[in-house]
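Two complexes, one shared chain (chain A), two partners (chain B, chain C).
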Partner chain A sequence: MKKRLLFLLCAASVILTGCWDSIELNDIAIVTGMAIDPGKEKKYRLTVGYVNPAQYSKQNPAHGAPVSIMTLEGNSLPEISAKMNVGVSRRLIFSHTRALYINEKVAKEDGVSHFLDSLERSPQFRNDFNILITKNNSASDFAMINDPVERVPSLKVQKSIKSLLKSWGGDPRVRLTDFIDAIIAEGRSPVASTVVIDGDPEKGQNAESNMEVKAPARIMLDGLAVFKKDKLIGYLSLDDTRNYLWTQKLESTMISIPCEEDGDKNNPLYFDIVITNNKSEMKTYYKGNQPQLELNIFSEASINSMQCQKDLSSKEIYTELEKRSDKQIKNMITETIKKVQNDFGVDIFGFGEALNRQHYKKAKKVLGHWNEEFSRADVDVNVKIALRRSGTRNKSFISELPKKDVED
Partner chain B sequence: MSKKLVENISLWQLAVLMFTFEIGSVAVVGVGTDTKQDAWIAVGVATVLGAGLVWFYVYLLKQLPGRNLFEMITFCFGKWLGKIIGLLYVYYFLYISARVLRDFCELITSVIFENTPIEVISITMVGICAYMLYLGLEVFGRTGEVFIPYVFTFIILIGLAILFSGEFQMKNLLPILGDGLGPILKHVFPRLLTFPFGELVTFMVIIPYVSHFAKAAKVSVFTVLISGFIIIYGTVIEIASLGARQMERTVFPLLSAAREISLLEFIERVDLVIVFVVMFGIITKVSVFLFGGLKGLEHIMNIPYRYLVFPVSMIIGYIAIQISANNAEHIEEGIRFIPLYMHIPFQIIIPILMAPLLIWKVKKQKRRSDANGSR
Partner chain C sequence: MGLADFLFNRRKHKNNNKITAEELFQQENISKKYYKSLDKNIKQIQELFEHSFDFTVDKIKLGDTDACVCYLGTMLSKDTLTNKVLNSLHPQNDHPKPKDINSIRDNYFPTVSYEYADTFHTVVWNVLNGYAVIMVDGQGKALSLEIGNIEKRAITEPSTQTIIRGPKEAFTEDINTNISLIRKRIRNPHLKFESFYVGRDTKTHLVIGYMSTITNADILEEVKKRIEKIDIGGVLDSGNIEELISDKSFTPFPLIFNTERPDSICGHIMEGKVALILDGSPFVLTVPSVLTDFFESSEDYYQPFLMSSFVRLIRYMSFMIALVLPSLYVALSTFHQELMPTQLLLSIQAQREGVPFPAVIEIFVMELTFEIMREAGVRMPRAVGQTVSIVGALVIGQAAVEAGLVSNVLVIIVAFTAIASFVSPIYNFSISTRLLRFILILFSAIFGLYGVLLFLIVMVIHLVSLRSFGVPYLAAVAPFNIKEQDDIFVRFPIWANRKRPSYLYPESPMKKKGKNIPSPPPARGGGK
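Up next, the complex of A and B:
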């Protein structure tokens, strides 16, 4: 019996030794940001920023840099990242990557598909990091700008994007799989967020910059990068980005609308509405041989500020303001779509996919050259804003002011 | 013949085994990806046909109550021809069991244990199956019973979690039937009908040991419909969360879909739950095929199958690795050769050929025994 038990234990020790792939916690370095620049001698220059764990100790946090970076050149991402240990002591773990910065030069000249494939194929990368195109500065600068609140730069960018989506909406909400899907799709072209550095990147790298109230450098979101297949072809501004989001899925936004269409040019008056619930529906169809892009938007909103001389306790005023907002938003969105049609000629909105869903037989014929069809299509945007309430006041105190004072 | 150990499993255990058998491989490799966003329709059509096929299998078994597939083959084709056909079935069952095992090994080595040698995974997995079968069919049935609640709830929860993560986009399912029914039917026959539904032919070895044999037909058909429903559910999840284009490119769709889950930034990275479901499904599937092959060997060689469990299972662990040099070869074999040269003959042609012979022989036997009785 004892012999048997001994044998069983020996056998178990062979089978249950654990896995080959175990790595101890103190042997890994968690990568939070990756930056891709064009290489000088080789194809790419990759910079990884990984967390310095001593900084996060609750009892006695070290006073060092929150992240450390390492840069190497090479021809492909997996090779460079495997080679990083020439300078990094620990094994790099990429599953918690928060941001991927791509230098605009790389995106413009080589296209992004070469390294996106390795990211998609690798089991380490999750589908939850942001793809960001960096303007002006080199991408590696972005991986090392400190932030006093979040400390880790890439975490800061991701959080900032998340908060922006909730408050104003300025990020296309594109993840790796969406981006790749848009590259290969016939009826949609990819977009990505762009970032810029506001300030002096040299100073921002210093951990001591976290001591300052006014950060010497700050990473800022700057709108959209428009791609044709996998190559960058141009940029859209932040305002256009929000208009782009209206066509997709807008969580909420705040928008100021002039009271009168042709009011006082020098001192225009505005009222603000906050969009709380938004629904947009895309319809693409052909009228004869002319493609028609139809966008129907229905939003619920409430009034947040009122500079106009209007009495918000009357129903008619609500209707009037609704009509003003409808028109304003309609113009904004139409303008953005027209701009994309004329300047870039690629369908970043996904009207082609809508056609594929709605009129499959027609789509089969035209999707092959959809971008040309998209550029010559008629745009028809219908916006319906439903103003529901106006905060904790109905009439604005401004309307109570003696008229004369305002006019003076 | 030596006296057989009589083992029985209950109807509920049969249903459990069939259910996990069905969803096991499907959870690994996904089905119907060629039909793009209409994959779920294809699965639906295949489910109905599959239920018919299973009904047919049980109908054959009913003609000779208490005898399994191999005994039935000998009864129909005589001793020698019966043994040859039986041996072919043994090869078929063991080969498919090795293939299923390889599916799982591929998943583990490419997603979780990248550096672990594939041999280790294959041997440990087949070791579990061998041990379970060595303890007998009853233990196998009870194991299924123990794990089924987890498997079932996990699959349902994964779907709900994807739904609440906001990754679930119904518009990915459009256009419905864009190219008409043609491509779907082409895909259903032979591929979807044979995998996963036609593979239930293995249960012709297990169903005779069910304690309430009379109700077996009803239970089997019902189970196939339920599991078909769950497969449709899984496929809809895959399409809606990944989109048809991406689903075509992923090697393991359900796992990729589970990776999209992020509930309240708190429940994240739950893909290991899928690996659990897959692991249990694979253990069941490998064991069922292995059991089929072993029972066949028992019938042909006239020795209790328990003597054969360990040697044969180790061979399977080895074949699973040797079967193909790389993943692409493995998948291509599965798509191009297996359905045509293995699934269709063994799942459909031989049983259909056997049916009239069986009915005729049973009638003849009955007449003879009636004549004997009246004499």
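Up next, the complex of A and C:
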């Protein structure tokens, strides 16, 4: 009896299960980018860009296009992608999608939630692709622009975003689940990156454009798209994006700060600091009936360039530069928060979430209309920069020049 | 008494090393009686050795008594026979002519080793072993003289288990040489060698060697019992013995360790194992063996412990590589493309462009090709070895890729797998990985990673169920024993390794008493 049962169990584990969905590498097309535009006859127009593997062959690389695209119209994403084989020979696999381009018109008018559901539901999609709102051009153009270095456009975009995030900051680091969480959350509104095409998209599609030193068209990051629920309501610039990141988690950035508050307007002098370590703490509370947004930032930094004649071997100068940096950064961030408060009236920073964590009882009352509360709140940003090092040099050689020469 | 539960009840064994010819020949239709009459004896021995050109009966006269010397000319050195035996008995020698067999020995052969044969069985057995047997008319027993043996192979370097540092001697086909190689290394009266004869027809000499002060008595009993149970026509190599006495035959894993290195055997004997030495085989067995034995080379103990620990980890790693790498490739590339990094997937896909076969066929064909090449490499005459390796490497490797029949990445995988499978210091362990690899590829082609996992689970269940002479095959790992870990995956320094493996239930568990950690002497002069 026991043996028979064991045999049944073993047989079941082999017969009833297993993945019979095997498919050879030669029969798949790896989709790296998807672009969603408003359809002319139906709801959406979906463009997929899939890699042409012969381009990656080391032995005899064909001089063809690195990616190929296919466009279809339809009412839902799953339906269109299932139908793609009307023109594509291989089965599309979406697990390596690197970028999802959404035309700003779709995001503005229809909202994004309708197709985000199908992406989240599908087991094929990973949670590691970038959601990008395309400005000016149609989203399908973005899936086609060649890049001479990375070849596959969507890989290029993702890599470029990753590198930018490490060196300067400028991407909100939003993935599919973050975006969906922010849509349903009461204390936070979603954001996404925006991209634009610099140059002529027609020329950029041509594989021969890879031969040119100056790419005729280039996909560039352009800042933030601000959403209210799932609808796009406006944009923020790249600088504002960095300030936004400063309130979230900034890995590292480089920032130039004027030496004097009211120095020579015609020939302003700057010093650069590189932020290496950053901690930000958000506090939301009520003073009487007035919501207060408090942001405390502590960053470690080092000096990276010096245009002004300061003696970096003295401690006082360091303190002075630290104070200049504190003030500058505080103004920048405050400005961005105020801009969001006045122009959009949605809490993209997550102050509402902070309130929910810190003052749960109060939050329950106000989170239902949190965006109004956010707009009228007082903002208080405290920045403390600690300058730790000054590169491989103390005094700049500029400070050793006779004063006259510098002025000349 | 934990081990005794696995084994059968202890049985009183005849403590008799000498096996009599009667026991050996009891199955055969040979007359037992040794006659007083020389003619009768000559008649029955000549009948027995009929049609054997090398059997000789030299008739001589001792004074007026008839006598004869019989021997197999191919089993002894004829020079010694002539000088030591025939010349002494020559009638022109003016020795007194004694008639008594005892006085013949005392007078003629005071320095030759001898044996009296009082049954006809013993006479036959002695002739077969290369003795010269002197039969005298009217005597109740014959005199067997041991004559120098025939030519044998010299001791050479091991050909299958080479090492860089350490003793370079290997066992030969001669059992006495082999035993002397062990005795030389362990000078201890407690090192025992007990003798058995196996094979109904071949009556091959099998000797078990063990330390009576270390080896567990139950294990020893079990070994003897299994040897006595052996019932087979002929035994030609220790590989036959291995199959006849191991706990289970239907397993790809070897349950008995074999080596041609005397130092390795001595190490095992000193741990409490039993060595089985078969005449005519340079491969000596030790029992009980556990899985981890097959990952240990004797060189591990001669090189610095850090280095040998690292090398040992490499061996375990390459075992896994040899087992699963091809099936992982099949599973990932045909089922789970999403598990690979994008860039890797792209470059593998690019290489597979234009390959006409599915990945599993491709890998099966290449693995089979490799197995064929390996088999050819072992069997073919040395003179054509070069040809096969050139043709194999060039044609199969390069041309197949250039013709677009197989992808580059596949050649890399097959080659890497092949090299990894050679890492095991004991050859027949790598055979098991070769076998399992093919089944694993099949599983991964049908079920993907799920199949790979399923197979590995079944394999581990099987491994856990194995026993070698009652000792769990995965001993020290499963059942896990933290105290044994000083010499399993890594090797601790020799001075830290004080205990013998507890899963062998040694009679004396400690190798040494103190903890003499080497350290520099205290500094002199102001050292405080």
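Methods note: the second predicted complex is superposed on the first by the 389 of 408 C-alpha atoms of A that agree within 3 Å, B and C clash if a C-alpha of one lies under 4 Å from a C-alpha of the other, contacts with A are read in each partner's own complex, and residues count from 1 in each chain.
Keep in mind that, in the parts below, contacts are C-beta pairs under 8 Å (C-beta built on N, C-alpha and C of every residue); 3 or more make two chains touch, one makes a residue touch a chain.
The shown structure was predicted, so the numbers you read here are calculated from the model rather than taken from an experiment.
Student: Quick one: on chain A, after the overlay, do chain B and chain C clash, or do they fit? Just give me the call.
Tutor: fit
Student: Can A:21 be said to touch chain B (first), chain C (second), both, or neither?
Tutor: Once the two structures are laid over each other on A, A:21 reaches both partners.
Student: A:127 contacts which: chain B (first), chain C (second), both, neither?
Tutor: first
Student: I'd like to know which partner A:93 touches here: chain B for first, chain C for second, both or neither.
Tutor: Second partner only.
Student: Chain B or chain C: which reaches more residues on chain A?
Tutor: Residues of chain A touched, chain B against chain C: more for C.
Student: With the two complexes superposed on chain A, say which partner A:30 touches: chain B (first), chain C (second), both, or neither.
Tutor: Only chain C; A:30 stays clear of chain B.
Student: Who does A:5 touch here: chain B (first), chain C (second), both, or neither?
Tutor: Neither: A:5 stays clear of chain B and chain C.
Student: For A:211, select first, second, both or neither according to whether it touches chain B, chain C, the two together, or no partner.
Tutor: neither
Student: For A:155 in the superposed arrangement: first (chain B), second (chain C), both or neither?
Tutor: second
Student: Given the overlay on chain A, how many degrees, to the nearest 10, lie between chain B and chain C at the CA centre of chain A?
Tutor: 50
Student: Report for A:180: first if it touches chain B alone, second if chain C alone, otherwise both or neither.
Tutor: Only chain B; A:180 stays clear of chain C.
Student: Could you say whether A:357 touches chain B, chain C, both of them, or neither, answering first, second, both or neither?
Tutor: After superposition on chain A, A:357 lies in contact with chain B alone.
Student: Compute the least Cα distance separating chain B from chain C in the superposition and give it as a whole number of Å.
Tutor: For chain B and chain C in the superposition, the minimum C-alpha gap reads 5 Å.
Student: Identify the residues of chain A that lie in both the chain B contact region and the chain C contact region.
Tutor: Common to the two interfaces on chain A: residues 19, 21, 126.
Student: Which chain C residues qualify as touching chain A in the complex?
Tutor: Spelled out, the residues of chain C in touch with chain A are 333-335, 337-338, 342, 345-355, 358-359, 408, 445-448, 450-451, 454.
Student: What part of chain B is in contact with chain A in the complex they form?
Tutor: Checking each residue of chain B against chain A gives 110-117, 120, 124, 127, 171, 174-175, 178-179, 242-243, 245-246, 259-260, 262, 269.
Student: If you look only at chain A, which of its residues touch chain B in the complex?
Tutor: Per the touch definition, chain A meets chain B at residues 15, 19-21, 123, 126-128, 177, 180-181, 184-185, 356-358, 360.
Student: Which residues, counting only chain A, touch chain C once they are in their complex?
Tutor: Residues in contact with chain C: 13-14, 17-19, 21-26, 28, 30, 32, 51, 53-59, 93, 95-96, 98, 124, 126, 152, 155.
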